[in-house]
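Naming follows writing order (A, B and C), and every chain is counted from residue 1.
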Amino acid sequence: MASQLPIPKTFKLFIGGKFPRSESGHTFQIRIPNGRLLANAAKASRKDLREAIRNSRSAQGGWSRRTAYNRGQVLYRVAEMLDARREEFTGILIDGGSEAEKAKSEVERTVERWIWYAGWADKVVQVLGSVNPVAGSFFNFTVPEPTGVVVHSVPDETPLLALTSRLAPAIVTGNTSVMLVGEGAALISMSFAEVLATSDIPPGVVNILTGSVTDLLPWALGHLDVNAVDLTGIPADLPDELLTETAENLKRLVYGDPLAASPEVISCFLEMKTVWHPIGR
Amino acid sequence: MRAVKRTAYAPIPITPVDEVALESRAAELGSRSIKTSSKEAALYLSVRCIDLTTLEGVDTPGKVESLCQKAIRPEATNPSIPSVAAVCVYPEMVSYAAKAVASSSVAVASVAGAFPSGLSDLKVRTTEIRKAVEAGANEIDIVLNRSAFLSGNLAQTYDEVSASKEACRGAHLKVILETGELGGYEPIRRASMLAMAAGADFIKTSTGKIPKASTPAIALCMAEAIREHAQSEGRVVGLKVAGGIRTAKQAWQYLVLIAETLGPEWLTPDRFRLGASSLLNDILLQIRKLKSGHYSGPDYVTLD
Amino acid sequence: MTTENSSFGLDYAPAPESASMVQFDDEYGLFIGGCFVAPKSGQTIDTINPATEKRLATVARGDAEDVNDAVAAARKAFEEHWSSTSGSVRARYLYRIARQIQERSREFAILESLDGGKPIRESRDVDLPLVAAHFFHHAGWADKLEYAFPNRDIRPYGVAGQIIPWNFPLLMAAWKLAPALACGNTVVLKPAETTPLSVLLLADVLNDVDLPPGVVNIVTGAGATGEALVKHPDIDKLAFTGSTEVGKWIRQSAASRHLPLTLELGGKAANIIFEDAALDQAVEGVVQGIWFNQGHVCCAGSRLLVQESIAEDFTDRLKRRMESLRVGDPLDKNTDVGAINSAEQLEKITELVNAGIAEGAQMHQNSCKLPDKGFWFSPTVFTKVQQSQRIAREEIFGPVLTIQTFRTPDEAVEKANNTPYGLSAGIWTEKGSRAHWMAMRMRAGVVWLNTFNKFDPSSPFGGYKESGFGREGGIQGLASYVQDSTGSF
């Protein structure tokens, strides 16, 4: 009967708060272990990447100017929205090949991590900043600021938790992100994009591109309007010479354990500004 | 309008303005709750304070006449709704407007003086003013020369306002500061004080031709300047807010701001104007809602 | 009356918030071990609406036995589960509380204004948002204490006794509960005698979020109830916000017991205006400083110190501005100044004001008509004030401002610091270096530069000298609720 024929979801890209198809029209197929077709996902092109970076840049000023309290509230809402869809996401991870207990645990840890980072928003400055006792009649303080636009490469293993572990510490302080996601993590990432889209995150703060990270990353590495590239999920087959492209605008290169969570990770996406002001009548 | 003797520019001490506190006070004033009889009175007063405006390249005598009819009688089926204060048009349209409002209380305001940029020869600008007055304009809206102002030529800026006032030959002069271009509240205060010292009868927020329009905080800043001028010089200058004012709520929020900053004596078209076009219809809808209890819709007011 | 004739002016029509939006009980017991229980003695207190003098509800008058039960419940909760509850679980409870408060903000705001007398605009726009923010902020610390206190082996105190005042009932409850719980303590909270209701309504929220019984206990009552809590031998920490007089008594009582103490007491803050200040905004700052919450604020800017060169002009601006303050029904959304919290407080204010007149100061008041029923005092300023007059030295805790002048920054510093209090200060000058210079010289725990009465959960608040010690808010505030293994405090 027609009513029992499921309507498979179309998986597109997540750019500027919307879900466009790739401008190239390319797709790749996602099949579950028994070979059945689950979805045709969009294969992002370098033009999609350019668009995502542009959206990211235009959202960055506003996002960083919000109060830390507000950003914390938004990240907490991501946790709320994901928690409500816990079972669905566990199912998606299982469809992607994860074992049931591991899938459940990954989703729970992901919710926990969003809550943890939400609470950092209005505390980072106190832990990483300082007032400095300079030798002179000056008020001197150091305040951390977001670096700007970050492009992340997300690994396929524990994809939901990995994506969260790179994204949350970047955006909590006011950075905006473009996530490059490989075919193995496409389904869960694009499902997660729906959570982001319903969590009061302003358009452009997070952008997710599915496809070949190996093809896209070089363009990100050379792009002059990117402030940092997070290579935590770097594909093994990426040539070393490509990293030299980043020297052009001295963009920051960030490495790390994809599942680590600490204020050190937050600090990888921060710049330190020190200000002096005289004290006198 | 009292003619003002032209005086030379002298530097004016400007009271500093703190942006954070100013915006906070404006927001606080915006949280006033105006209900029932106060709201109705505010809506009627708002109508009486409107300069109903059309400043488009496609304005024709027909459009202007239609606007004037609406200005005189905003709602034909409800004669209790008063006329607006004035119509505001381009110099070329003044004679048509003057004829159309001749037997009513509605004044004719004309923009003049190379509106909206203000960048043409001073003689050309003052001639335009004189001709608009001759054609029947009772009020003239000029723009401040922001080019001169922002490059620090305060004496020149002042002299041009003063010359424009002279060219008005008794018609009342509004000086548009184009606050969205001035870069902050202190320049706005400085421009306000300067325009008033040079003879402005009204200071006005915006031309309505650039995206950055009037805000309550800007109006508050200018109202504080007007208050200071009235205290120190004993002269009353009015405030006109324009640009982006589309809803009845915005209109009465400005009235609250004026009342609490300058006092209820300023709640009159002689001292306060709202430059707007679609605002009038929203006010009519709100008046209708107050009377009928239903929310209304755009089909129930006329597009003139 | 035809509409063309009615005119819009400063007489706004009533804009009342509806009291029916909040449901509360006619009678409340004590909140102990997660439920409401009758007081052992059966004694009660009626709480009234200070704007109408009408009874709102009846609450329990807790005695020493009730306090004992509450402390026992808190101790049980601490030993049996709370002390082994992980930071991330404590965080979740606090986040839930924050969310519930956000969702029920309007109800709480109305109740706060009904029971305490403050304008609904303030409870709605200032108190409630800060309450939610405090819970939210401290939720985020609960699972991050190792970063607030790096390399320190810290643990909670255990059972914290907390006594709060009537001027910001729910907000003071938040300032006390949030950090205490975040750090793993359990609590016995004693709200003020005249304002128990919003805190009792909070008990509903605590149950709705499934906070385990006994983690928070609420014992209502009067001075004797507070005394019983202070003297109780099984509390591990005491935090008090209230008058300096009671604070001194508590200090006496606690000293020999080595009881860790946080005291947030009275103030007599100077609000200092230099000639180069943004004058119109400075006027607003002075208004905020003394007439926000009817002046029932420990950190109120109750002494205006204005530079002599602008004193007359500034005083004129202030007097004109004062006239537009609306005094009246706290539930009217346009009210600026609400009711005085109690007959007792009204008497204190009146006594001091009369002393001011008797000692030669000149009084000027807002000309608004005050309602017949209820407790009211008009916004008041005094000129011709001398430093030695009682109105210049004693905390009035009402809508009364004294005005004095100064000539130089050094003189302003001297006058501002010439008081046993040291809670806050305000400095108004557009010159950055001078603002910082003055700030560094204020003997006060909170200095506001070109602003006043600003609060944030991340910003430590507390006093110097007789305004108390210990901080609330920020990492420094969190430190009040943990001890380290060296046991020093």
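Brief remarks on what is shown
The working rule: contacts are C-beta pairs under 8 Å (C-beta built on N, C-alpha and C of every residue); 3 or more make two chains touch, one makes a residue touch a chain.
In this text the structure is predicted, and so the values were computed from the model without any measurement.
Arrangement of the chains shown, judged by which pairs touch: a linear chain-to-chain path with two open ends.
Among the chains in view, C has its Cα centre nearest the centre of the complete protein Cα set. Chain A and chain C have centres, each the mean of its CA atoms, that are 41 Å apart. Centre-to-centre separation of chain B and chain C, using mean CA positions: 44 Å.
In this assembly, the C-alpha centroid of chain A lies 48 Å from the C-alpha centroid of chain B.
Residue positions of chain C with contacts to 2 or more other chains are absent. Against chain A, the residues of chain C that register as touching in their complex are 88, 91-92, 95, 133, 136-137, 139-144, 147-148, 409, 432-434, 436-437, 440, 457-458, 474-475.
Looking at the complex, you find that chain B touches chain C at residues 15-18, 20-22, 24-25, 31-42, 44-45, 80, 82, 224, 252, 255, 259-260, 264, 267. Residues 68-69, 72-73, 76, 112, 115-116, 118-123, 126-127, 139, 263, 277-281 of chain A are the ones touching chain C in the complex. On chain C, the positions that touch chain B within their shared complex are 2-4, 6-15, 121, 125, 276-281, 284-285, 324, 333-334, 430, 450-451.
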